[in-house]
Amino acid sequence: MSFNTFGRVFTFTTWGESHGPAIGVTVDGCPPGIALDEAFIQQFLDRRRPGTSKFTTQRQEPDQVRILSGVFEGRTTGTPIQLMIENTDQRSKDYGEIAQAFRPGHADIAYHLKYGIRDYRGGGRSSARETAARVAAGGVAQAVLRELAPDLRIIGYMAQMGRLHLDRANFDAAEIGNNPFFLPDASAVPAWEDYLNAVRKEQNSVGAAIEVLISGCPAGLGAPVYAKLDTDLAAAMMSINAVKGVEIGEGMAAAGLSGTENADEIRMGDEGPRFLSNHAGGILGGISTGQEIIVRFAVKPTSSILTPRQTINQKGEEIDLITKGRHDPCVGIRAVPVAEAMAACVILDHLMLDRAQTGGRRGLIG
Amino acid sequence: MSFNTFGRVFTFTTWGESHGPAIGVTVDGCPPGIALDEAFIQQFLDRRRPGTSKFTTQRQEPDQVRILSGVFEGRTTGTPIQLMIENTDQRSKDYGEIAQAFRPGHADIAYHLKYGIRDYRGGGRSSARETAARVAAGGVAQAVLRELAPDLRIIGYMAQMGRLHLDRANFDAAEIGNNPFFLPDASAVPAWEDYLNAVRKEQNSVGAAIEVLISGCPAGLGAPVYAKLDTDLAAAMMSINAVKGVEIGEGMAAAGLSGTENADEIRMGDEGPRFLSNHAGGILGGISTGQEIIVRFAVKPTSSILTPRQTINQKGEEIDLITKGRHDPCVGIRAVPVAEAMAACVILDHLMLDRAQTGGRRGLIG
Amino acid sequence: MSFNTFGRVFTFTTWGESHGPAIGVTVDGCPPGIALDEAFIQQFLDRRRPGTSKFTTQRQEPDQVRILSGVFEGRTTGTPIQLMIENTDQRSKDYGEIAQAFRPGHADIAYHLKYGIRDYRGGGRSSARETAARVAAGGVAQAVLRELAPDLRIIGYMAQMGRLHLDRANFDAAEIGNNPFFLPDASAVPAWEDYLNAVRKEQNSVGAAIEVLISGCPAGLGAPVYAKLDTDLAAAMMSINAVKGVEIGEGMAAAGLSGTENADEIRMGDEGPRFLSNHAGGILGGISTGQEIIVRFAVKPTSSILTPRQTINQKGEEIDLITKGRHDPCVGIRAVPVAEAMAACVILDHLMLDRAQTGGRRGLIG
Amino acid sequence: MSFNTFGRVFTFTTWGESHGPAIGVTVDGCPPGIALDEAFIQQFLDRRRPGTSKFTTQRQEPDQVRILSGVFEGRTTGTPIQLMIENTDQRSKDYGEIAQAFRPGHADIAYHLKYGIRDYRGGGRSSARETAARVAAGGVAQAVLRELAPDLRIIGYMAQMGRLHLDRANFDAAEIGNNPFFLPDASAVPAWEDYLNAVRKEQNSVGAAIEVLISGCPAGLGAPVYAKLDTDLAAAMMSINAVKGVEIGEGMAAAGLSGTENADEIRMGDEGPRFLSNHAGGILGGISTGQEIIVRFAVKPTSSILTPRQTINQKGEEIDLITKGRHDPCVGIRAVPVAEAMAACVILDHLMLDRAQTGGRRGLIG
């Protein structure tokens, strides 16, 4: 019920603001005896870290994670794991105008209306900096999944950036880590670079669509009716800053399909049921079927742009505002590791919930 | 945490199977002193009721709701409200083949794999019949909202059915109740009828997209970071049977926008901030801004079709299956009142959460 | 978070008022494939049923439970189990004075102050009739425990009634079911009868202390810090109507002990650690040790007595009130099966939570 | 559901081990705009701080709290508040024997059995050091209550230490802060000092009973049936280390009372209902009545004593163990500020829940 907690039995609670001394996360309910150290978590944070390419914010944050509790002699103890990341590059600048003005597309006005007070420095709590804490929590989940579901793989990548779409014919997962776009198509990278450079020069920004594939997921995860696996995945992705839509499998395109096109037919394979297609995205009735799980979501364009926009300030005065600062021209890019982290947490949570209820036993076929 | 419970302080827990003696819902946390009777709730159930047009299942269910607790002398008492609906038309037929076979696109195989046992009659718990219980809970929420947020209106309608799209130029909310499609455009009804008749004759089915507009919603609802209003709306809609995608405002289209197009500029109006556009769909940083909230979701085509499909049975034998029965050619149609109910529950829950935390006080502008 | 829900993964939600048409409970999260029928649950309800001896209320309620969902072909399906008990003997009497007056010791005034409205018939929601629903839920838990923890036994009995105390030297668990007091000492029954008869003739009532022993409980249940096994047991017992105190092991007497007296020393037995005493009541650091778990609680005397008491009514007038009706002279008696039910639910919930987190693996000794 | 989270809408999540680098707490759901700084919270920590008298552990911990998030320009923002306390005096000693042995009365064996791994340094997570984090959270709750319920006062004190009982005839709340026992009777202090000195010289320890009085609490707090105010208070106190019993009002003594003695009669006072006694401890049907709330609980004697005790080690060898270290001869003493903190959190949580559900409206009398 805690507003800043995600999960049911494997839970995490994030805290911290963009320009406070630190941000962090408490991971609770973690299975005991799992090998875990800072270096393992750090690799996930490094993928999300700002300042690593010219296409992300130039804020320089080492994002060095510290484990403050819950790990003893290299293994989790089953008690809460506190992960803290210090903020080091929160520039001490004059927030004069921003402090009183509501940046269009940002949470400023909403926080003001709700709370009557807000930490305006860098967006405070509404900053995407909070997602670093999620990535750290996701690192813990990945460490557990490595032991409990060794065949499971979670792969995130960009499927769209503005008017550019991933050409699925060229899909090569091995390329994702080799370019600043998490793009599984090396041949398209130059065009994406040119496009994003142009966007930035126009003092503009652009939206993105990210896809996450989860393969090797055991069948049977997800609990109808209000803890469906797809329900929790949708909540997980929609909770990420700037996300405006979430799809499972066919997603919104399902509205245009016929029943004969959509229902995935089933045959028997060597190791059990084999589906002839995957419009469902690996989930039926809220429960994983063993097929690949497919999640897709859209991130709106960065609202902080250098082009002046009309807005008001706290006094109710109409003003024009330029949002200076070190902003990503496409915030969607760094949402990739965040989405992988959220997916890892959801899957682990449901794996644990399932063994709570069923003890892991499964219905037989054949 | 209960798998079949939705909500945080205004909660509901549904129970029941398609072909059991009854289905129902326990609404908990309802404010006391609210005028409520069965007739008020019944009007919502009647909009969702099967057998009312040739485009919905011919199963004849009066769906008569009974209040078994929590209401005294016409008013809620603040204690749990039990709403029960008896199943009357669960035909006693031979389930022979279905009992052992997995209908493609249905939850059959997933339930079998997870639980090792399933009530196969009419889909059991995975049947969309469960949504009647949600609609009843939504009726309670509507009764409360009528008192706590009298300006609030929730309107659902069809925005797409297969290849037909709502022509927004013709939008007329007053027409929604006048046709079997919840379509806000009277002129398009004949074409929609022809199309769905054709789909049915082809022994096929078709998907749909539904839109819900929430106007008059107070600013300040939603609690960052993991109880965002859009997060909970996404979870609410994704939990509805057969839903594969959820969008807020621009939704997936946000991926294709630029920052200058997307950020909604702000001016001062007579009664406070006035937004010049609504790409955000009324929510910023997870908090309502006072603008109209726009939610859209896609429902996949009915998986039960008379066209034979390849599948397997519990023995692992490969078979061809025709799903007989009384099925909606477009299950998306009846999702409209369900979505309105879910929206009402989410909004009320957040209204109550907000008064828990802030006491309803608001930041001033001007 | 639902106010009327108890539990974390094995949860139940009760509903209903004393004089409404029915009461019931939704059990959620139950493991699938467990043998369960109405007769099994009924045996627990029969132990709590009113009207079975002259020492309990003469209200005649068959308390016949119906399973409305979640069980298929004699086994649980993993979906919510709805158990309903109709109220049949809610006398249609004139509630004139009671409707407006606040019975001392009852929840009447508190409900009025909080909700501004209350179902005054038989205490409405605050009636101990609600506990029948708990006993039904406990029956489900017992059915599951029979399979998951076959060595576990839960035994409740009276340890005190007013000035009479159980003579522990005579303790014989086999006698508990042979007398109307759930008393594990046949020799004391006549004295207890005489005493309670005298109390009743004086138009008075009397308090009680109940003890619950849980033997055969696996070590390792309970999750520090805020889901300790003793914390949840304390909450479970304190939630029962009229309970004013809860103790684990030594309980309040621990305040008077020295460290040398209190700490239970440990030796090695044939099957693992053997404790030389059990002051701790089977729980250390919130986790079961494998020793017998001992819970004790006090129930205040029935507040409804025929002796006139000073009170006020809703108009603020000072009045004298006699509470007529069919009341137990010692409500503590019927709390015995209720406490067993709550204990069963807590233990099962923690057994499931533990297998969620640890998968049931245990640290080795020796 | 998080194991280390307490509360429903005002929640806190603690983390940290006795000998890790730090401990802390995330307070979530806090109302915005509340004046709060480190000095305000520090005053509560200082009351619990070790090393302040010869009757508490000589571990020297400044217990300096740092606010890392959720407070901006001296006021709460409504976002999560992270409070961190560094551990400074965790001596780097040889844990040789303790690392493998199970100290009787401690959680060592239970943690080992459950998790298979434990941080044995100073008890790790099971150390009472965790309670510093609760006291910090309680400080936040007190800051909020000061604004939302200005008449509310929470007073904790010792009512018993071993064979010494508070003489209620001498009760003087003003004396509580003037002696190392939180004893509201100055005249008894010398005797308590002599007694505890003698206990310590005998290399022994002693239990205690603590009482908490909550005056000025609004009527109407608490939500039947499973979120009763007394249920949550019982859980709160039972979750404190070493607590073995909890009582509300008459507590366990209610078992010995008659109905005429127990039910608190009611008259009209100048400002509403006036109760002629308070056996109920201020709570009826789980809801506060406006009377003083009385909670009492027992703390077992410190298990760490210098007298050798029989136990076993991880290899299953039988050994005798002396628990050296810097231990409180009566851990109950420092439970006083911890209990006040827990009470503050429970009351605030229910005050917020109540305004969620009822909006704070109240039934009228007269």
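All chains are identified by letter, namely A, B, C and D, in their written order; residue positions are counted from 1 within each chain.
In this text, a contact is a pair of C-beta atoms (placed from the backbone, for glycine too) under 8 Å apart; a residue touches a chain by one contact, two chains touch by 3 or more.
Since we're looking at a predicted model, the values are computed, not measured.
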C-D compared against B-C, more contacting pairs: C-D
So what angle, to the nearest 5 degrees, turns chain A so that its CA atoms land on those of chain B? 180
Quick one: which of A-B, B-D or A-D reuses the A-C interface, over half of the residue-numbered contact pairs in common? B-D
Farthest from chain D in C-alpha centre terms, which chain would that be? B
Cα centroid separation, chain C vs chain D, in Å, comes to 26
CA centroids of chain B and chain C: separation to the nearest Å works out as 38
Could you tell me which residues belong to chain A and also touch two or more other chains? 1-5, 8-9, 14, 29, 32-33, 78-79, 114-117, 125, 223-224, 358, 361
For chain D, which residues count as touching chain C in their complex? 1-6, 8, 14, 102, 104-117, 125-126, 130, 160-163, 199, 204-209, 219-228, 230-232, 234-235, 237-239, 241, 244-268, 273, 276, 279-281, 283-290, 296, 298-305, 307, 309-312, 314-318, 332, 354, 358, 361-366
For a test of understanding, state which residues of chain C touch chain B in their complex under the given definition. 1-5, 7-9, 11, 13-17, 20-24, 26, 28-29, 32-33, 66, 68-70, 72-73, 75-82, 114-119, 124-125
Enumerate the contact residues on chain C facing chain A in the complex. 1, 9, 29-33, 78-79, 148, 223-224, 352-353, 355-359, 361
